[in-house]
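Labels run A, B, C and D following the written order; every chain starts at residue 1.
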Amino acid sequence: MEAMLHITTLHYLVLGAALFLLGVIGVLTRRNVVIVLMSIELILNAVNLNLVAFSRYWQGIHGSTALHGQVFAIFIITDAAAEAAVGLGILIAFFRNKETVNVDEVNLLKW
Amino acid sequence: MYSHILSIVLFTPLAGAILLLFVPKENKDAIRWIANIFAFGGFLISLPLVPWFWNLRFEPGFKFVEGSANNWIPSIGAGYVLGIDGISFLLIMLTTLLGWISILSSWTAIENRVKEYYVWFLVLQTGMLGVFMALDFFLFFVFWEAMLVPMYLLIGIWGGPRKLYAAIKFFLYTLAGSVLMLLGILFLYFHHHGATGVYTFSIPELYKTAPQIYYDYGASAATLLFLSFFFAFAIKVPMFPFHTWLPDAHVEAPTAGSVILAGVLLKMGTYGFIRFSLPFFPDVLMHTRVRFWVMALSVIAILYGALVSLMQKDMKKLVAYSSVSHLGFCTLGIFALSPLGLSGSVLQQINHGVSTGALFLIVGILYERRHTREIAEYGGISSVMPVYATITMIMFLSSMGLPLLNGFVGEFSILQGTFMEKEIAGHPGWFWAAWAVPGVILAAAYLLWLYQRVFFGTVTNPKNEKLHDLTPREIATFAPLLIMAFWIGLYPKPFFQILEQPVNQLVQNIRPDYGKPAGTMNASVQPRTAAPARQDLAKTGGIPSLLRGKN
Amino acid sequence: MLFLDHIWIIPLLPAFGGAGMLFFGRKLQKATVNVVCVGMVGLAFIMACGSVLQYTAWAETHSHQPYQTILYTWLGGDTGHLIYPTHDGAQAPFQADAGLLLDPLSSIWLLFVTGVGMLIHIYSIGYMAHEGGYYRFFGYLNLFMFSMLTLILANNYVLLFVGWEGVGLCSYLLIGFYFHRKSASDAANKAFIVNRIGDSGFILGMFFIAWLCGSLRFVDVNAFAHLGTHSPETLKYITAATLLLFVGACGKSAQLPLYVWLPDAMEGPTPVSALIHAATMVTAGVYMVARSNALFVLAPTSMKTVAIVGALTAIFAASIGLVQNDIKRVLAYSTVSQLGYMFLALGVGAFAAGVFHVFTHAFFKALLFLGAGSVIHAMSGEQDMRNMGALEKRIPVTYWTMLIATLAISGIPPFAGFFSKDEILWQTWTSEGDAYRILWVIGYVTALMTAFYMFRLVYLTFYSKPRMSREVEHHIHESPKSMIVPLVILAVMSLFAGFLGWPRSLGGSDHFARFLDPVFARGEARTLIEEGKAGQLVAAEKEEEHTSPTEYLLMVLSVAAAGVGWYMAKRSYAHAHTGYSEPIKAASPATYKILLNKYYVDEGYDYLFTGRRKIDGVRLGAMGLGEASSWFDANVVDGAVNGAGWITRTTARLSSWWDKWIIDGIGVNGPAILARMLSYPARLFELGLVQWYALVMTVGLVGFVFYYVYH
Amino acid sequence: MGVGMQFTSTDYLLVLPMTLLTLFAIGILLIDLMLEQEQKWANAVTAFIGLLFSAKAVYNIQQWLGSRPASYGLMQTVLVDHVTLYFFYLFLAATAITILMSVRYLEIEHESHGEYYALLLLSVVGMMCMAAGADVVLIFIGLELMAISTYVLVGFLRRDRRSNEAALKYFLLGAFSSGIFAYGLSLFYGLTGSTNLATIHTALRQVLGGPYEPIAVIALLTTVTGLLFKIAAVPFHQWAPDAYEGAPTSITGFMSVAVKAAGWAMLLRVLILSPFRLGGLVAMRSIWLPVLIVVAISTMTGANLAALTQTNTKRLLAYSSIAHVGYILLGLVAGSATELNADGIKGILIYLLVYTFMNLGAFGVITSLRHRNVIGDELDDLNGLYSRAPVEAVLMLVFVLSLAGIPPLAGFYGKYFIFLGLVETHYYRLAAIAVLYSVFGLYYYLKIANAMFMRQPERGEERLPVSYAMRAALGVTAFATLFIGIMPNRFIEAANWALGIANNPNTAKLIR
């Protein structure tokens, strides 16, 4: 039993979960749309982290070809980029008409 | 012709409606003529049924059956199957007749959006006929609900001041009842499959298995199922606590709409009771508590409706409430579950169609001339419009059940049919009859009082001095009703003969112990399995057991 | 058998007349109307006479069977498959034929209905000459004849009920003939509705009979009644049935407590009062009970009820009649009273006597009314006797005929009334049991009263001092021929009709009763058993008893009573001048007041049932509820009508309130309103803020997670 | 894992529809550059042709499949079965109708750009991936492709604040939800070591200790959240009303129909891979079934209540479409109650079919009301519509009644099969609730009918110009609504075919 710190999948999971929660909280609390956007990215990163960690984990079991997780992660990264682009585009269009980036002022449509 | 008569009768009005779509809506007279021609044609085309049916009147089962089960939507086992027995035959004739009369009656009454009006009216006509003809539950349900739409529009577009409220109330109220029925239908559908391994909505087929539900699922389940149908029909009739849509709908609806509403639509409820509730849930109906409630509600409706109509200030509302009372008689006759009561009930339905239909026309005629239905606005009319007054008197008398007019025949048979039962829900039959009889007195009271206030006395209101008497067209609308009133009153024998076979068969199925008149049993509905068989069914329970219990 | 075989034509003749009048009458000349309507009734009368004659011949050879002819099956499919269970579980077909039955009983009615009917039609020609709606009047009259004849000739209860309701309708139409007068249409409604109350009893009674016998034909019912012994339970039902039938009779024949409509019915034209409310229609009840005698005798309770109600009605109405001033009302109450007599007779089992009284009464009461009509005609519409007097010379024919009628009704021999009334009293007396002696006393007193008020009428009208105004006096004239002739004929009849029932005790041979024997014999015999007079089963023995000294004594007594009545009337009114004094008033003002106000019955009904009258500010009965609810309406239900009418109307208002606010309100609109109310929070949920939405999502998610992870 | 890396003709065939659409999308973008403002209609035509080609491709697949129920492709990532094809046809039809509805509308809005049609086609590609994907990666990518295109389309009216806002909200929440969704998928990958739904299924069977394995539960619920968001079920629905109201009306129709259908395709895929090959998360049914029941009830309740008092037609229809999701969810409940229940699933398919036509029709009518200076999406804009545009009014009546489920209109059969399934699987209470809510729903549909037929128009009686394309669109939708209503058999058989059920109800059983 040498006191050497093993970083197991669980650690990654916990980290992922933490990121995820941070992201969620960010989405729920921040006023600035841009930051909300970033929080969403945070969530996606949590996902990526999970995927990569799991991919590692399963390689340990099925051998080195179990790359689905990593592939998925790559896709998600791409997707995140696309989302960001579109999101910012929409935000700009919005900003053009209503000089604000505060979510709580996005309240024309309701009830 | 002979083999497809029902389809022809059914779709003639619809054809008219479709034809009307191609007439420019500015050309009002052409539209009126076409509509009337088709309505009258619909009536004429239904006439051949009379001799043809007459020859078959004692034959068991449904006549003029058309189409085969599952030929419409095979993948769910629904078919376009039409067929009639004595009960539906009479109601169909009533529908074609009233349809024509009410369309004729709205010649001058409807001035705006004429085309639309007649289109919807003809569509409504087809819908109602379909309800009475359908031998497939799915088809029945389609007609049953589809027919709400045109009625809703008729009330809502050409109605009075509170038309929106009335129209929506009518639609929602009646729909609320019927959706639960849909679930009930589906239950029967699966139960039948469980029993026979066949999915079908064919009503004669369901007749065979539905009564078993009582033994497969127990009394309470069967009762719930019964209720799911009961509400649909009770609302349509309308029976006592469910009647409040009626006055609103009637008061707001245009005259012709009221005529059809009272004359035909309400009959769908009673028809539903006779066609479905009775054969499907005989044991539930014989159940004391259920029987007591349905009888009690009928009696309450009779008295309550009469009492309320007594104090109405609006003629139309008065007539509307009187319908509640009259329909109370009909349901009383139905739930007495005796051949006499049943035939009386059907006859009374026809009578109500004729008399109350006429009453609404009568109110409509005054309304057309004075644009008010306040009783207080009138008085001494009989000196201004003698012909009108005479016809009104006759129709009032027929409505209050004066002998030699139609009303009496129906009420008398209903009351006697109820009276003669030794025991209904723990009370002797005469107990129920005795409760119903005051309705006859009250009927005289509210109608005569109305007549006195409207027709007797001197013309006090200057607006009433110039009223012109009935035009030939208006007289023409009344003529057939008068003829019917006197015919049924003086010589109802044919009607009783037409009704004899179906009602006896019904009672046979509900109460096999009831006295057995020879040769009225019907093959299409076989009596439920004998008591011992029921026992083991009850024991084993559940659908699979039916496979065993079937023979 | 020309007539008998075509007996069904008899009711149809007036039916055609009536229908013709109602549909085409407006265009016709009065002459045509007369020819048609009077002609129809005339023909009917001729056919009636013919049929009855042929029947009597026919009956000889057919052991006095009733003659029955069935036109077609009216109710029911005539296939015997539409069945119902009877009380003993047997199956009976639902059936009622349009069939006619002629037997001695119906023959008698047939004769006097058509006969008197015809006379009154003729009379009306003159009387109604100047009235509007001439054709309408005759149309209704013919319609009435049709209904009445149906009622008489029906061979089963249902068809009888047809006529029963029919006459009710016609009386409604004729009472309301002057429909522009509110009082008239009110009276009409009152008549119809009160009759309906009786009819509902009748219907139920019919059902009981059908339930017991499995048929409503009179022959079957009689057969059932006559067959051997009945179980006590059956007898119980028979009692119920007969009592219910009697309720119907009370309505139609104006017995306590349903008599109230008849006096008001005088709103109608006088010929109507004569025909319908004196001679024919009101005797329908008697006819029906007599028709059901076989059943009634099986139910002693019912018999007693009939007798008591009859006697009470008789004296009750007579006492009111003592002080009335309206000439027609006097006659109306006297009619009620005489009807009571008839029921008394039926009640004690003296059916023949009762019928005989109907027969004689038909003539002299019709005559009285027509006479009164003639008087009113002469007095140009005046009906109050206080403004008449000394018409003896001015309208002699009327005077003489009315005098004869008065003698007849007062029971002065040898006028018709004497025989029938005496017979009734005698039969009452001979019935076993003290109760019947009391009834006899009542009847006797009634006889006295009758004589008094009738002669009071005569004296106030024809003798005494003229009390009418100048110009009225100026116009007084004898009525036209068409009115006089019937009066004379009727007078003759009232003089001689009684001879038909000339009692054996006076050396006659009671043709009338003998004629009716086939109908009643067994019935009366049965009563005797019921009354424990085992000894007198046979009619022969009755005869011996008949000739007992008691009978002569009673006869003398009743004549004496009439005489006394006459004398008292003469003494107090022979010389009445303007402002004369009523003897009863002098004797005891209180009594007079009560009588004048008809025992305050109408008022009482108003207090108890309708509540149209207050007792020192407090409303009882319906209006009590009415006021409460109308207060409620005014404050709660906006725009609800205030004030209330009949008890039903009040209940109706309550129920309609219930309808509008409870059933409709909570039951139907309630959900709708509730839903709309719920709709707004559901929408408010939709804040429009992204983060709020995200929060909701998250909460939803977390909620599910928590549910599953910790449950 | 020795999967052959070379593509076979099968692979090409199976993805041909997507490929074609993608090519046409790009083509449109290119062509658009050379088109003058008044020639923009050409884009629409191109897009339409693209759809036709794609449809032909789908038909080819159908032919090629023949009697075989399904076929895998692209290394097990694509699973094309009859249901998939059914959905393909549905997407294509919906998109085609949308395009017909859009042409004139965009001109009025002065926003007729090629991107619009390109994005439409691309989103269809995404939908097809969702419907065909057997691998969560593909499904997720498809989802994003569809979603992102739709974000843009929702915000397509750049100058309209409501449009911007709708887009922004939709985007933020959409991204948020797909994040959550992806997180769930990642967890599943962790649990099973595979992204292939079939494998996930088998693996889950072994992995699961009890069904209440916490990780699994969290994974499931997060995933389901993502799915329910896409079909806009309470409580994940709130984006829908805003997005629907703000978006261009044509797109609102498109979203409420095609996007929702795609969401359903994905839902079915993930939860029960395919009627021919159970997979996905079906093993955890005991967990997600109750969730679905709760969601279904709350969806019907919330949506119906909120719709009751709406004054904006688009928003009202948005809520109504949410309510419909509630019914369809009940279909899934019935459909997966025991072993798969034919009628329940069939209910979903038929419901989506009829819903496509009637709802698109309704939005089509609203779109046609859009003309100069009148947006026409307020309930009052419908007042007296009958006198202004009788045809539209009657059609609208047909559509709303069909939405309310009045026979004999298409909508009835959707509800019918749902109820059928519920009764068959003994969910009597749910059935009762559902039917009562359907009555409830009728009320606000009648509000539309009242406005059109029984109220007087505020504005003049001037008739509305209606483009031929729009007429075609309305004609098709109306015809379908009526025809399916009166002669439903063929369509029911189509659903049967999709599920591989015999047409004779007596022998109709799912293969497994």
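Here, a residue touches a chain if its C-beta (ideal position, glycine included) is under 8 Å from a C-beta of that chain, and two chains touch if they have at least 3 such contacts.
Model, not experiment: these values are computed from the prediction.
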Number of steps on the shortest touching-chain route linking chain A and chain B: 2
Pair of chains joined by more contacts [C-beta pairs], B-C or C-D: B-C
Computed distance of Cα centres, chain D from chain C, in Å: 79
Euclidean distance of C-alpha centroids - chain B vs chain C, Å: 38
Where chain A and chain D are represented by their mean Cα positions, the distance between them in whole Å: 27
Inter-centroid spacing, chain D versus chain B (mean Cα positions, whole Å): 43
Multi-partner residues of chain D (each touching 2 or more other chains): 168-169, 172, 176, 180, 241-242, 443
Multi-partner residues of chain C (each touching 2 or more other chains): 683, 686, 688, 690, 694
Contacting chain pairs - touch in the sense defined above: A-C, A-D, B-C, B-D, C-D
Complex contacts: residues of chain D adjacent to chain C: 168-169, 172-173, 176-177, 180, 212, 214, 217-218, 221-222, 224-225, 229, 235-236, 238-239, 241-242, 287, 291, 302, 305-310, 440, 443
Contact footprint of chain D on chain C as seen in their complex: 672, 675-676, 678-680, 682-683, 685-686, 688, 690, 692-694, 696-697, 699-701, 704-705, 708-709
In the complex, chain B residues that touch chain D: 72-77, 113, 116, 141-142, 145-146, 148-149, 152-153, 156-157, 163-164, 167-168, 171-172, 175-176, 179-180, 182-183, 186-187, 189-190, 193, 197-199
Sites on chain D touched by chain A in the complex: 1, 136-137, 140-141, 144, 148, 151-152, 155, 158-162, 164-169, 171-172, 175-176, 179-180, 182-183, 185-187, 189-190, 193-196, 241-242, 245-246
Interface residues, chain A side, partner chain C - complex: 24, 27-29, 36, 103-104, 106-111
